[in-house]
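The same chain A turns up in both complexes below, where it pairs with chain B and then with chain C.
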Partner chain A sequence: MSNTSENPKPSSSSAKMTLKTSDNELFEVEEAVAMKFCTVKQYFEDEKDSDVAARGSTTVIPLPNVHSAVLATLISYGKKLPQSNAVADNHEEEETKKKERKKYEQGLLKNLMPGELLDLISAANYLDFKEGLEFFNQALADHIQNKSVEYVRKFFGIKNDYEPHEEEKYREEYAWAFEGVDED
Partner chain B sequence: MRQMKVEEKEKEKKAKFQMNDHIDILIEVLKRLDGPSLGVAACVCRLWCTLTRSDSLWEHLCFRHVSSPPPSSVRPVVVALGGYKRLYMVCVRPVLSRLRNSDSELVWTRDEVQLSLSLFCVDYYERRLGGGATSASSLMFLCNPVNV
Partner chain C sequence: MDQGRRPNKFIANRNNKIYMDLKDIIREHALPFLPAKSLFRFKGVCRDWKLQISTPFFAHNQSNNFHRVMGFFCQSQSKPPSFISLDPNSCGIPDPSLQFLPEPVDIRTSSNGLLCCQGRTGEQPYYICNPATKQWKKLPKPTANHGSNPALVLIFEPSLLNFIAEYKLICAFPSADFDNAYEFEIYSSSEGSWTISREMFFGGAMFMPCSGVHVNGIVYWLSKMGGGGIVFFDLTMERTQRLYSSQNGCLGVMDGKLTVTSAYGQALTVNVLSNSYTNTMGMNSRVKAWDRKLHVNLSDRSELGPLPSYTHSAHDQGAVLFASGDVIVFRCDRALHTYDMKTKEFGRLSCEIDNDVRFFGYVNSLVEI
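Moving on to the complex of A and B:
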């Protein structure tokens, strides 16, 4: 709720930041959302320390490890989260927002290719976007739940480094886990 | 997203996200798996096997569905009695699989937690005193499904 700018910008009531992706696309994002990406927050705060005038001006923050498609999804998710600078909602409003967010999350996951999950997690990790990481880690866990060993290896591109007798030993040890596993 | 396919394939060739290079994320994902999936995970590769041997993963699994987790003073006791993985295998898994068919989301209260910890103690002492769960006087039948 703090209105910190001494010279309020006429164009927008909330400060915006520009993020530049690996494929050179520019994203203008509200500060409140961008601050959820702790890497961006850190960069912004470093910039602020070095040059006071930079605040509110067109500082472009480079994100060389994030593709535009991925950033778009992360920003979109970030917007749906409770904003730290928002006015406190009453209980009803909070419940409605929660339901909306759940619906949005379900829609998001439905349209997502499994491979894209890894990109999202990688980007969320790079950006230090805690809520995003939490959400997409859960989605990934849900995705590999009940899947076979071969599926998991293929999905993550993991090489089987077991000797045959070792793998046999572990499969026996965890035989109970293999009941009801999805076939590939 | 579809038109990105070609570009994405290019990207894949360059720098694919290697889960095994990000153990902290891998652990977060493993923490969210159910028991059987953790067992499957152990068979994926050596790194995953090592990670699934971490008792804290099983601790998380044991009490994930509990409304208020037991105090941390419980931990050294469980470890002394055989560890969380054993607790899961002996006391938690049999009950969970029996209750899997219920519609409501499974939430344990303090009583269920206390009961499973008590049964775990019973399991330990039966093993120590000889006989174990297979002996006729074993109390471990309490973990088994009951046909009413």
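Moving on to the complex of A and C:
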């Protein structure tokens, strides 16, 4: 989604901000969603303080560490979160929204490759997007929880810095943790 | 690693510094979401991970982040306990028969990674333990006589602010001073002592052991006799009462609310207590206390095999052994089946159980006691 804005927009209840990614794509995002990215929030607030004249005009916030595909997913996830400025729903509306969000989350995770999770986590960390960081880290944990030590090392590119005898000793002492089937 | 379908892969932008940060992020933010067995295994990944996972601070984080019941303890009359895991690769414990404890025990209640067990001989002391880390603690002797089969509920709710695990153990026991009455004695870990409540339950109900659950400061038990139903003790208000409702089944907690799950006819039903204050509302209140949360037909499930018709009366050992969070465990004769409320899938546990089995949900947590 690319959108360059020539004319400054008057601020409205759904004020928008423009975010620019590492591959020079521009994303127009509602302020309420963009503010969930605390890095953006901080930048925006710094800008507001430094230049009174800039207030009301469209600010383009550069995100040199975030790729467009990744940002698109994070924005999409951010939109589905309960908005802090939303009117309080009644119980039924809340339940429906909850179910919708769960369905969206399941769909999102189904289509993600594990490698993409790493990109999303990295970006969510850079953007200081707490909910996104938690959600994608949980998804990553779910992905690795029943994997072997070798898989985990390979996946994260972690070097094994144990001596062979150290590792063998550990595996013996905690043999139960390396077993696939519980022995009763 | 997947090279992706996207032409412009973010990896191309990665320099060593960002990649290092990612590893730190994973270590700090993803690992606390893992169950204990996975974490013990992953200590073997590298030294950094071992260091991270072994700290008390990490254990505190993990007990706050990981809440899923992924395993169950079961125990039949005076046999050693055994352990069933829903995912043997990720959820497990080193010593399923709890031999690390100083004596053979009966498991009484569990809560968020902690078990409360009772010794069989002498003073029959209570032990609180974490079966994943094999840490245990013997509780001081209670003031009152709790009887031979106490109705106990362990209450442990991990909290970000409490670095040291704080828990309570409440026992409902027949009063020695009054007929047809129950008294309550509560152990508080922060105080290290037992207190007998001034509040008593009169009404000829019998609090069922192994049935109790804790929700929002209120402990509920199934009751036998005196009309059946559910009785509760409100820890905050220090008040005990019968819950006026015709519900019966396995008590549980889902989405922070009390639920009752039963297998009747050829279906599983979950009812949730949406209004816990109906007891105190006016006579003409039309507020419905219970909502139906779930109704699952079992008759068209060939994978369950031939089903007995669930027509157990309310007071018999129910077919539903566990129903909290997203998981329901129910029995068909001696076989155990599971139903996942999130994925809507049925499963079968590869073990057989006795009729008189006591069944406890377990969270694979690293919590330190």
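Heads up, the rule we're going with is that the second predicted complex is superposed on the first by the 166 of 184 C-alpha atoms of A that agree within 3 Å, B and C clash if a C-alpha of one lies under 4 Å from a C-alpha of the other, contacts with A are read in each partner's own complex, and residues count from 1 in each chain.
Here, contacts are C-beta pairs under 8 Å (C-beta built on N, C-alpha and C of every residue); 3 or more make two chains touch, one makes a residue touch a chain.
Since we're looking at a predicted model, the values are computed, not measured.
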Overlay on chain A: chain C relative to chain B, clash or fit: clash
Contacts of A:Arg171 with chain B and chain C, given as first, second, both or neither: both
Which superposed partner A:Asn125 touches (first chain B, second chain C, both, neither): both
First (chain B), second (chain C), both or neither touched by A:Pro114: second
Which of chain B and chain C A:Asn137 touches, first, second, both or neither: both
First, second, both or neither for A:Asn146, with chain B first and chain C second: both
Overlapping segment of chain C (options 2-10, 236-244, 254-262 or 272-280) - the one that collides with chain B in the superposed model: 2-10
Touching both chain C and chain B, counted on chain A across the two superposed complexes: 23, 67, 69, 113, 115-116, 118-119, 121-122, 125, 133-134, 137-138, 140-142, 144-149, 152-153, 156-162, 167, 170-171, 174, 176-181
Interfacial residue positions of chain A with respect to chain C in the complex: 22-23, 65, 67-70, 102, 113-116, 118-119, 121-122, 125, 133-134, 137-138, 140-142, 144-149, 152-153, 155-162, 167, 170-171, 174, 176-184
Sites on chain C touched by chain A in the complex: 1-4, 6, 8, 10-11, 13, 18-19, 21-23, 25-26, 29-31, 33-35, 37-38, 40-47, 49, 82-85, 87-90, 92-94, 96, 342, 351
Complex interface listing, chain A residues touching chain B: 23, 67, 69, 113, 115-116, 118-119, 121-122, 125, 133-134, 137-138, 140-142, 144-149, 152-153, 156-162, 167, 170-171, 173-174, 176-181
List of chain B residues in touch with chain A within their complex: 1, 4, 7-8, 11, 16-20, 22, 25, 28-46, 48-49, 93
